[in-house]
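Here is the structure we will look at.
Labels for the chains are A, B and C, by order of writing; each one numbers its residues from 1.
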């Protein structure tokens, strides 16, 4: 017995997309997407709004047909399968709760749809348990219009989870809640998903949310997957400038410039400013064929330095946003580029002060100036 | 400040009430005429106070107007039910599905709604004369559909558009069939729109004159067409005319009270969401 | 869907068919190309009916517009007992046109009508027996009745539109110290433009095709002073049995409406995002 040919391309378990593209009216919204999500895994789909996250979810659910490419579920091609047969649960960004049905009836609806000849006797108990876990058991008789944003979110989640789906799609599940609730819920939901056997896709425009909830992260920008990797990969080794800009609070500082060979060292020229690259980056710099480059400086790899120091970048304080325990300081370089950094020490810092910025050499990243791709040389 | 604004409110209220009285005076006068005895009807100068009488009602009933009333009701209800049955799925598909030449088709429907009824009544008359639908209940109901169906579809489409598509998609993903989605989700949420629009259709059918006048006749004679019966050799029976007018106002009043929010939306073809 | 098309298409096609034929007294005979149209467009009665409709529309609609807007602004500023007033104002709009006709026949009847006796006759405004028999005033009386019937509707439609306006720009304008007139001209009118447009179009078309009220009040008379296109088509068909020419008139009016609708629809869609 030989295994079917397809299986060498197709994962036996979980959800897989192969070469999926989607074009609306001659505009390509998704380009050649390859993606695998293993059973029990949570894949965070991170991308700015308009990147195609929702379209991707809708293709997996079967609400849109891909212009080309296939979707597989546990090894079976489901590209042409009608949405109702896929058993893919999707939580819509708008929650899409049925306004005329109570919370309990909303959650009961998917069970009723699939139950032939009445609900099993355990169904009621099952729903109650789930509602209790999500802390909305007392709201069972309310209509969606009588719920707060967080309660609606939980109801929509309950309606998705009750289905025991083959795959769960959460389209920006917590984006419309306030910051405090977002922090609380992302931990809670992740906790619930830990015990779930199905693959989950969690889409979000917020890089940090993606890092905190995803086992792996897929970065989708302008319809293309820029990078897939573990949170550590994405954080430490972003594949491109675009990815680097999405993560971090504040996001990574990116300076455009040019590389020049000096005596035994490589200089980075950013307009009128020159920095000498640390030896660790020299090998990476050689990989950049053109001379144009982007230098990425992580805000938390930068420190303020007052007084004279040749190795520091000379800057002026442009703005200070204080958050109590720490502050985000924006500095302006002589040629006019802005650099943000996070620091706890702002006590006698004033606007217009001249300060130096030191950088930890392991917190610098170098990108190809023409392609935007990262230049890494692993030692 | 407080005082100034309350004076303004008072002035505006007074102006509004006076305008309303001017607007409603003819209607009230007609209502009063219902109970006016024949001998003071034509009095000069006008008699404002008199002993009310029910004589006008008696004559109207004697003339068999109850039959006309029933015909009117039945025609309105039957043609409206037809419109709802055919128009609801049509409005829904107009709102939801991409159809070829949808826009043009839609404009045509709109234009047919816009066309003077006289334009329609001529072909209808000739076609009906050929196929024997003149002076039949079914024939008149079908003719009412020309203006009511397009109206209904147009207005209900605007209600359909207010429904988020995602509700239906969510239901489809749960495993409901298309028909079940329509019955469980779309229909309950559209119900208010359907009721409001179909009641307006009923009123249009109820108020209709030209079609009923030309395509109806002896056996199918709704209320507005029956009025000429009151123009007798002895002159016009104005008291009785007033009775018929007032009776024909009753459903209108009911609609005005129950559906005021939806009337504007209906009569502006969905352009204003009440 | 098919029924929908059938119901609106069949009568139209049949009317077009008739308009190209010699059709009199219920007998359809020869195919005569555009002869019916030529006869129609060269006849005085046709242009008279267009003139009647023109006068009617051009007086009634603007007056209704302005009175309606004024009333809506007053209502919107706040009136005590608005929830009672508003439904009452719907009554004329929802009345059967035929009943409206009867109503005004009663009000303005020859010698005993409450208005004709107490106002018109007392102040000697119109000589003769009835205003509807006056060549000078019959059309104006019909215009007045149309204004009576439709101004309250305009008022309520505009009022609904005003109520639906966003509050934000108004607060901003108040902060900027804009005057009432400026707010109205720069903010209210542009924001209401799509609505004004749609209502204007609908009223224009409705007024143009008026039939019932004229039919019961004047039957187009005296002479042809109030003979609207609808009434002319009716007379051609059911009094002179000249069906071919009547169909030509019907098709002609229909085409005008279709053209107007199409143009307006596209403008409205592009410029104003209406519909």
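Convention: a contact is a pair of C-beta atoms (placed from the backbone, for glycine too) under 8 Å apart; a residue touches a chain by one contact, two chains touch by 3 or more.
Everything numeric in this text was worked out from a predicted model, so none of it was measured.
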item: Chain-level touch network, classified as line, ring, star, complete or other; value: line
item: Greatest separation from subunit B - chain, by CA centre; value: A
item: Top-ranked pair of chains - ranking by C-beta pairs in contact; value: B-C
item: Euclidean distance of C-alpha centroids - subunit A vs subunit B, Å; value: 56
item: Inter-chain centre distance, subunit B versus subunit C - centres from mean C-alpha coordinates, in Å; value: 17
item: Rounded Å distance, subunit A centre to subunit C centre (Cα mean); value: 59
item: Parts of subunit B lying in touch with subunit C, wherever the complex brings them together; value: 8-10, 12-13, 15-17, 19-20, 23-24, 26-27, 29-30, 33, 41-46, 86-87, 89-90, 93, 105, 107-112, 114-127, 129, 142, 145-146, 149-150, 153, 203, 206-210, 214, 224, 227, 238, 241-242, 245, 248-249, 252-253, 255-257, 260, 263-265, 267-274
item: Partner subunit B, residues of subunit A touching it in the complex; value: 61-63, 83-90, 92, 94, 96, 98-100, 109-110, 113-114, 159, 163
item: List of subunit C residues in touch with subunit B within their complex; value: 1, 3-5, 7-12, 14-15, 18, 26, 71, 74-75, 77-81, 85-99, 102-104, 106-107, 109, 111-112, 114, 117-118, 148, 151-153, 156-157, 160-161, 164, 194-195, 198-199, 202, 205, 208-209, 211-212, 215, 229-231, 233-234, 237-238, 243, 246-247, 250-251, 253-254, 257-258, 261-262, 265, 274-275
item: Subunit A partner contacts - residues on subunit B that touch it in the complex; value: 164, 166-167, 169-177, 180, 184-185, 188-189
